[in-house]
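The chains carry the letters A, B and C, assigned in the order they are written, with residues numbered from 1 in each.
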Amino acid sequence: MTEPVLRLEALQKSFGALTVTNNVTLEVAAGELHAVIGPNGAGKTTLINQISGLLAPDSGRIVFADQDVTALSAPKRAALGLARSFQITSVLPGFSVLENVALAVQARMGSSFRFFGRASAEEALNTPAMAALGEVGLAARADMLAGYLSHGEKRALELAIALAMEPKLLLLDEPMAGVGREESKRLITMLSRLKGRFPILLVEHDMTAVFALADRISVLIYGQILTSGIPDAVRVDPQVIAAYLGEELE
Amino acid sequence: MSISLLIVQILNGLQLGVLLFLIAAGLTLVFGVMDFINLAHGVQYMLGAYLAVMFYALTGSTLLALVLALLAALAFGLFLEFAVFRHLYERDHLDQVIATFGIILFLNQAVKFVWGAAPLSLPIPEMFSGVVVLMPGLTYPIWRLVIIVCGLAVALLLYVLVSRTRFGMLVRAGANNAAMVSALGVDIRRLFMIVFGFGTMLAGFAGIMIAPILSVEPGMGDTILILAFVVIVIGGIGSIRGAFLAALLIGLADTLGRSFAVDILRLVMTPSPARTVGPAIASMLIYLLMALVLYVRPTGLFPPKGR
Amino acid sequence: MPLPTSIARREWLPVTLFIAFALLPVAAAFDAETYLLGLFMRVMIFAIAALGLDLLVGYGALVSFGHAAFIGIGAYAVAILASHGVTEAAISLPFALAAATAFAWLTGLVCLRTRGVYFIMITLAFGQMAYFFAGSLAPYGGDDGLTIHTRNTLFGLAAFKHERLFYYIVLGCLIGCYVLCRALVASRFGRVFRGARENPTRMVTLGFEIHHYQLMAYMMSGAFGGFAGFLLANASDFVSPAYMSWQRSGELIIMIIFGGIGTLHGAILGTLAFLLLGEWLSGLTEHWKMIFGPLLVLVVLLARGGLIGLASQLATWWRREHIHSPSGFAYALLRLVRSLRVWLDAKIIGLAGPFRSRSRD
């Protein structure tokens, strides 16, 4: 039984009187796709921000790749192999699509304190970048400015950026948000290809995607993990049904 | 170093602090509510002083001159807002800095054009001229006390206005989220204009009050403007309370620093280097203070919440 | 956002400028030589400082309002050493660069913890600090400044004393700095720095400690300023705290905005335009700032992108292509004319109103 890639222990976060993360304990095993679902306002993005290092928890531990990273800054966690995508697409709009990914390759390779030489012409950076773009189907758009991509294409670009980091864990924050049906199907296919290559923690609202992809599902309600288990079990869990159906009736 | 000198310098420090507060309050309000950096705020202060001198020459009565100058400064400020500033609210800060810098160049020169480059002066109103005896052997000019009292009164007035009135509530809401306030049906243009008018009046008032003591000359607003910016950065942008505390802190630190730096240094080093290093450190003191505060709290002592 | 263009198209402007600068002493030999040489030397020196500032402002969105302090520090390093008998450039230059870079490092550590307007204010305040500190240095002239009696020697040769030779040395320095800045912007370092402006959160989650890059860029920018100060001290034989006043810092920002920020060649063009305009206007009237001030306001309101942006807007308008950005001088003129017409129409209809309705009855 190998060590889980990510382990959250009793994570706690409050903003004033509002407790957003309440005693969250979670594990992502090697090679699995673990989905986190929950209604809006459950604290999913806050959780991702704490894992990636943009937000510091009030208490609790985060163990990633056998290291306690709770006190590590976000760049250091990224250097250890933690890649993430953002709920609201976060690319570099003034850079070309290729450069966006090449920057991720550059980050991986270190040695960015080089002051000479045209970075945009470096094969050592561009070749892996093109490979990542090929994986998500954006190779044809390599020279376009990222700001001009369609919403679905930007989503794919975020994925390519994450891939180029050769991650040990992929954190995906609602990659299907705002994406149309066609694009959504493409993204699901892409993600199922990536499944198994890296462990993925997928935060998502789109139930089709979740039940198509997840090996395990954790349900987050009001900052607490309600239950955690295989999709078929979660689907019929009365507590989960009550929590979700309760939401819908209102 | 005697006690009476210390007391006099503390009072002077309070006076400078109060003056800085009058200028910084307008600056921080305008920046907090409208997100507008107004480098030309300093010339507002300078104009107040020049208008006071002009109206005194016209009317012969210092008190009347003060009142008229205040009204004229307000009018001019509103005119500037209407003609130039309101087109800058949507722009980014760099554009605002450049445009208001241009206004400073223009007005500093215009003032030279109209009144000449030589420093002017204004007599203290007779009622308040002369000194008051605080302690045996210790006298202090009445007018400086008047400035301190007026400044504190304005601070109190602002506090009541901002935290106890409906208008103040709109101002605080506007500082937090102007778009939302506008969506709620408040005429945001008018709110901005009123806030700006207030700020401008405060600066003009400061200039008018200081005119009898300082020499009135072109460019007098520039140095005090930088000090005011240091005040609002330390105090936290948008916070009147922060501006008040920071202004008093800066006023006292600067005045006491300049007076006693050499003496304090003489405690640890020989007189000769103390006399060279002393003034150098005194001139840098408030900037070192600012650096210290910002190192610990990069958004000031009372930062804007939720932005 | 600079759009991708071929190198040749982009570099024709700076190359033209450099050739013009190189030919000036030849043209000037016939008339008012010293004056013109002196003027254009100042243009080139301030252009070096402006290049350093454009790196920060244009490519990093770090608006430093205290850049003049670096020029002053470089200049004072030269003057102070000269007053103690040290006039060898091989000593003075490294000293000037080191002093400016050290100041940049110390102040950068504090400044870069802030963002946006706080950054502008704190750089402004540090500039003031340097200004007042220099003014309090009584043994080195205090407020009145310090005269430099001997210019720096270059490895023993009195190269700087020969006006024309010095002019070409400065030109060489400007070209060198320009090439260096271009390389920096295109390098791996430059890409991270530019990325930190576009989207700092994204950069941080990629694994970049952006503070380190910004501090390095701030120090480099300071070094360019110090270099300009070294040259300025030798060109004017004089230093004073006024070199570091916040008005000088403001003027540097104006220079790069005039030309067009984030383009590098705009910094050179803007410096040229600014200083020449100032010279010309001050010749016209003593109160030239009353013209200059409003001109600045108009430039900000109407001509975004500076002269470079203006030129490309007009070129696009001339070619009758669709104008993409809804700003720019040409488009603003069009809009002004159109809105005047609409306003006039409305007024006329308003005037005719009562008569029109009556005629319908």
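Just a few scattered comments:
In the analysis below, a contact is a pair of C-beta atoms (placed from the backbone, for glycine too) under 8 Å apart; a residue touches a chain by one contact, two chains touch by 3 or more.
This structure is a prediction, so every number in the text was calculated from the model and none was measured.
Here the chain pair with the top count of touching C-beta pairs is B-C.
Each chain's centre was taken as the mean of its CA atoms, and the one lying most distant from chain A is B. With centres taken as mean Cα positions, chain C sits 42 Å from chain A. The distance from the centre of chain A to the centre of chain B, each centre being the mean of the chain's C-alpha atoms, comes to 50 Å. For the pair chain B and chain C, the distance between C-alpha centroids works out to 30 Å.
Across the complex, chain B is touched by residues 57, 63, 65, 107, 109-110, 113-118, 120-122, 124-126, 128-129, 132-133, 135-139, 246-247, 250, 253-254, 257, 287-290, 292-297, 299-301, 304 of chain C. Of all residues in chain B, those touching chain C in their complex are 31, 37, 84, 87-88, 91, 93-95, 97-99, 101-110, 112-113, 222, 226, 229-230, 232-233, 237, 276, 279-280, 282-284, 287-288, 290-291, 294-295, 298-300. Contact residues on chain A toward chain C in their complex (touch as defined above): 52-54, 73-76, 78-79, 83-84, 86, 90-96, 99, 103-104, 106-108, 111-120, 122, 145, 161, 165. Chain C meets chain A in the complex at residues 1, 4, 183-184, 186-192, 194-195, 198-199, 201-210, 213, 216.
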